[in-house]
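Each of the two complexes below includes chain A, the first together with chain B, the second together with chain C.
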Partner chain A sequence: MSKTLLEIKGLKTHFYTSRGVVKAVDGIDLIVKRGETVGLVGESGCGKTVTGLSIIRLISEPGRIVEGKVIFDGDDLLGLKKERMRKIRGEGIGMVFQEPLTSLNPVLRIGDQLTEAVIVHRKSSAIEAEREALALLDEVKIDSPKQTLWAYPHQLSGGMRQRVGIAMALMLKPKLVLFDEPTTALDVTVQSGILQLLKGLRQKMGLSSLFITHDLSVAAQLADRIVVMYAGKVVEDAKAGDIFKKPRHPYTKGLLDSIPKREDKGRLRSIAGSVPDLMNLPKGCPFHPRCPLKESRCEKELQDMRRAEEDWRVRCWKAA
Partner chain B sequence: MVRYIAKRLLLIAPMLIGISLITFIVMHLAPGDPTSMRYGLNPEVSGSARAELKKLYDLDKPVHIQYLLWAKRLARFDFGNSFLDDRPVMQKIVERLPATLLLNVCALAVILLIALPIGVSSAVRHGSLYDKVMTIIVFIGYATPTFWFALILMVVFGFMLGWFPISGLRPWYIEYYSSGRQVADLLWHLVLPVVAASFGGLAGISRYTKSSMLEVLRQDYIRTARAKGLPERKVIYKHALRNGLLPIVTILGFALPGLISGSFIFETIFAWPGMGRLGYEAIMQYDYPVVMGVGVIASMMTLIGILISDILYAFIDPRIRYK
Partner chain C sequence: MLKEALNDKQVVLGSALILFMFCVAILAPIIATHDPCETNLSPEVKLQPPSREHLFGTDDLGRDLYSRMVYGARISLTVGLVAVAIMLLIGVVIGAIAGYFGGVVDTVIMRIVEAILCFPSIFLILMILAFLGPSIINVMVVIGLTSWPGVCRLVRAEFLSLRERDYVVAARALGASHRRIIFRHILPNALAPVFVSATLSVGSAILTESALSFLGLGVQIPTPSWGNILTTGRFYIESAWWMTLIPGLAILITVLSYNLVGEGLRAVLDPRLKR
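The block that comes next holds the complex of A and B.
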């Protein structure tokens, strides 16, 4: 069994809108090894979520996966027939979404929504599926699993709903779980509870996951590896320990500096400028208008990802 | 849930009062009165005879007093007697009600059986050739005046092709048939009126179903359902349809008055022995008690229809049920 669970090669997902082509994901490479948690980090609109949805091929119109490979457990998912792909969803790859309220069906009971995947995929009986759902609700630290099975989404709190969302993604014990900003819509206290839970689950179940977030401090708590995205491209990819100590790409550095720290005494730091329009990217390196280190060649040419060190890749002329 | 229904029930009373008041006033605003119809142009009837007749029917009193007198009788479920033949209004309506209910229930069933699948499949195949063809058909249906459509149906299928009877419900010879043949004959008579009555609603409901389903298919929970690896059939019919039906249930409640008022037209065109035609004839003859009786029963039916749709709504949407 190879160590690599998921390998994305040159993935491009573009949206063909009436105003023009939006290159939401434009040639990214990414690897998730078995048992590893990879944090995919970047500002809103940089293509993180689209990357996640591309992996399980749930990009809807007018978006299209233009090229690339998504090799999961030996199969290129982009070449699979619909029926095989359907089996991979849920069974091979589970996904947890950002908005716990809107991503649960308001008119179906939690129990129904938890068990249906098991019933469909494994042809389990309803009773068996319910037993598994109860065990999993217990696992995600829901106090009264029995009542929760009978509840409707609107009767649960935000944190509870997200716990249900996590349980739902884990029902079929998938090899890989995609977390798409699972804590963003929650209060800070609830957020830390969910992060604790995820840490625990990771150890206990040996989860492999791709953790998508805009919040580096959240990624820092969970990820073994950090992949930073900017305007549809990966700009830095390194071990979490390394990147937090010594970020090489000016964008990563800017993100790290923007995390409020006690020494800042209430001042908030941010990266100057704003995320570029994906339909109208600046020539050369897309980050150059905001970059403190830019020089003339940054405006003309985009650097390829290059090795800076063992297991550390970065996309910048200046970063050594 | 019980409180929800009780609240809806309580709302019916004031609405009924409002409806009857407006009907009463509008009817009296129309020029002429029951006496002018029969005696106004007759030189042999003297003015004093007319005045006496007016007094007999309380028509000489101010409108608001007349309304109160009518309401007082209604409180004892007395709808009064018809000015025309002096038979109790209630009896006349009860004779006609089954035919109207039959027509409307059949029309509603046809609308639902055809419009919902059209709406759902158009939403799922949004933008396809099928969807475009359906859109055109539906718009033609929507734009066609229903009374005209009814007449065309009569001409083509009743006259030219001679496939279906063009009027009536139970012809005189039906009593000589066996019971099985009686049912068949009844259905045969139903075809044209039901097609005509459901045609307009078909277009509207299928359109609403489509737009509501399109909206639902964009929702996050549909993506969640797909991410679980559910087959598309389950995603559409289990996850999307129940949510997509919510607005349709409400619209159905409001479509009911349309059907019932449509009855006035279709029943007259197809000589259907229903309440709608009774009401129409009563209006033409200034038969106030019958008009009011038909009005009250028709609005009761409408309000009950809306009540049923409210209850159905709560039945599918737990957010309303558990408040």
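The block that comes next holds the complex of A and C.
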């Protein structure tokens, strides 16, 4: 068994809108090893969620995966037949969504939604499925699992809903879990509870996961490795410990500086400017209009990802 | 939601009337005072106004109008329900497919629907019935077959918006099949407007059946239906008013009660109409 669980190679997902082509994901490479948690970080609109949805091929019109490979456990998912792909979803790869209220169906009981995956994939009996669901609700630290099974989503609090969302993704013990901003919609105290839970689950179940977030401080708590995306491209990819000590790409640095710190008084720091229009990217490095270090070369050419150090790749002319 | 519906005067009045009509239809053999098809051509019996012996009077063949009305209720209510069931079956499935898959599938289906909607439905029904021949079963099937485009469009519109919901993406991410997503995840969320439209359609199906029987293409004599009682009544409208007034009122009240329930439910289910 190879150490690599998921390898994305040169993935491009573009959206063909009436106004033009939006290159939401434009040639990214990414590796998740077994047992590893990779944090995929970047501002809103830089292609993180589209990357996640591309992995399980849930991009809908007008989006299309243009090229690239998504090799999961030895198979290229992009070449699989629809039926095989359906087996992989849920059984091979689970997904936890951002908004726990809207990702649960308002008219179905929690129990029905939790057992769905087991019934669909393993054709288990309802009783057996329910027993598994109970065990898992206990695992995600829900106080009264029995009552929760009978509840409708609107009867649960935000944090409980997200715990249910996590349980749903874990029902079939998938090899890889995609977390799409699982804590963004929650307030800070609930968020820390969920992060605590995820840390515990990770140790206990040996989860491999791709953790998508815009919040570096969240990624810092969970990820072994950080991949930073900007305007559909990866700009830096390194071990979490390294990147937080010494970010090499000016964008990563900007993100790190934007985390509020206790010593900070007064204004919150942010990166000047905003994410460029993906339909109309600036020439050269897409980050140059906002970059404090830019030089004339940055406006003309985009640096390839290059090795800065062992296990550390970065896409910047100026990065040492 | 049920509680709210039961607080609505329209819904309560409408459902009470419908319930009453159903009791009459089910209990027809018990509450009818005469055989609905027994004729008596003697002048003392035929075309008699309402009396103690004949509650609603008698018709031109001396049959007891009350008993005929009671048995006729069975036809009208069955036609309403069966035709609407057929309509829902076709309309919901086709509308769901169009709305869920979208794209070319949707375009093709909706163009067909629009083509059907181009014909006035009564004309379409008359044409088909002329081929199939008049019978109660044909009437129900044909009404069902011609009335589904409305529901189809309604369901399609609901699906178009619901298929983008996160929980649908979540269900797909769990590996659920299209069929499972359509029927288990989306359809239950789309039912409220369908329910309202179905209720209103029962009323119009009853009306259509009466119209067809009136034109002689529906339920055939001697089986009584409100429509064909009305049609014989019109020859005697000057001398025997009860033969037109009573079936006419029965149709009016039944259709009205379905509309009351439908409109009331719409008010309850649609938050935009709330006061």
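Simple rule for what comes next: the second predicted complex is superposed on the first by the 319 of 320 C-alpha atoms of A that agree within 3 Å, B and C clash if a C-alpha of one lies under 4 Å from a C-alpha of the other, contacts with A are read in each partner's own complex, and residues count from 1 in each chain.
In this section, a contact is a pair of C-beta atoms (placed from the backbone, for glycine too) under 8 Å apart; a residue touches a chain by one contact, two chains touch by 3 or more.
This is a predicted model, so every value here is computed, not measured.
Peer 1: Quick check on the chain A-based superposition: chain B and chain C, clash or fit?
Peer 2: Clash: chain B and chain C overlap once superposed on chain A.
Peer 1: After superposition on the shared chain, which partner residues are touched by A:Ile56: those of chain B (first), chain C (second), both, or neither?
Peer 2: In the superposition, A:Ile56 touches chain B and chain C alike.
Peer 1: Counting only touches as set out at the top, which of chain B and chain C does A:Gln155 meet: first, second, both, neither?
Peer 2: After superposition on chain A, A:Gln155 lies in contact with chain B alone.
Peer 1: When the two structures are overlaid on chain A, which partner does A:His121 contact: first (chain B), second (chain C), both, or neither?
Peer 2: A:His121: touches chain B and chain C.
Peer 1: Between chain B (first) and chain C (second), which does A:Met168 come into contact with in this model arrangement: first, second, both, or neither?
Peer 2: After superposing on A, A:Met168 lies in contact with both chain B and chain C.
Peer 1: Is A:Gly206 touching the first partner chain B, the second partner chain C, both, or neither of them?
Peer 2: The answer is neither, since A:Gly206 touches no partner chain.
Peer 1: Using the superposition on A, tell me which residues of chain A are in contact with chain B and, in the other complex, with chain C.
Peer 2: On chain A, the overlap between the chain B and chain C contacts is residues 53, 56, 58, 86-91, 94-95, 97, 99, 102-108, 116-117, 120-121, 165, 168.
Peer 1: Could you list, by residue number, the parts of chain A that touch chain C in their complex?
Peer 2: 53, 56, 58, 61, 86-91, 94-95, 97, 99, 102-108, 116-117, 120-121, 165, 168
Peer 1: Could you list, by residue number, the parts of chain A that touch chain B in their complex?
Peer 2: So the residues of chain A in touch with chain B come to 53, 56, 58, 86-91, 94-95, 97, 99, 102-109, 116-117, 120-121, 152, 154-155, 165, 168-169, 171-172.
Peer 1: Along chain B, where are the residues that touch chain A in the complex?
Peer 2: On the chain B side, the touching residues are 219-221, 223-231, 234, 238-239, 242-243, 246, 316-319, 322.
Peer 1: Over in the complex, which chain C residues touch chain A? Could you list them?
Peer 2: Those residues of chain C that touch chain A are 102-103, 165-167, 169-177, 180, 184-185, 188-189.
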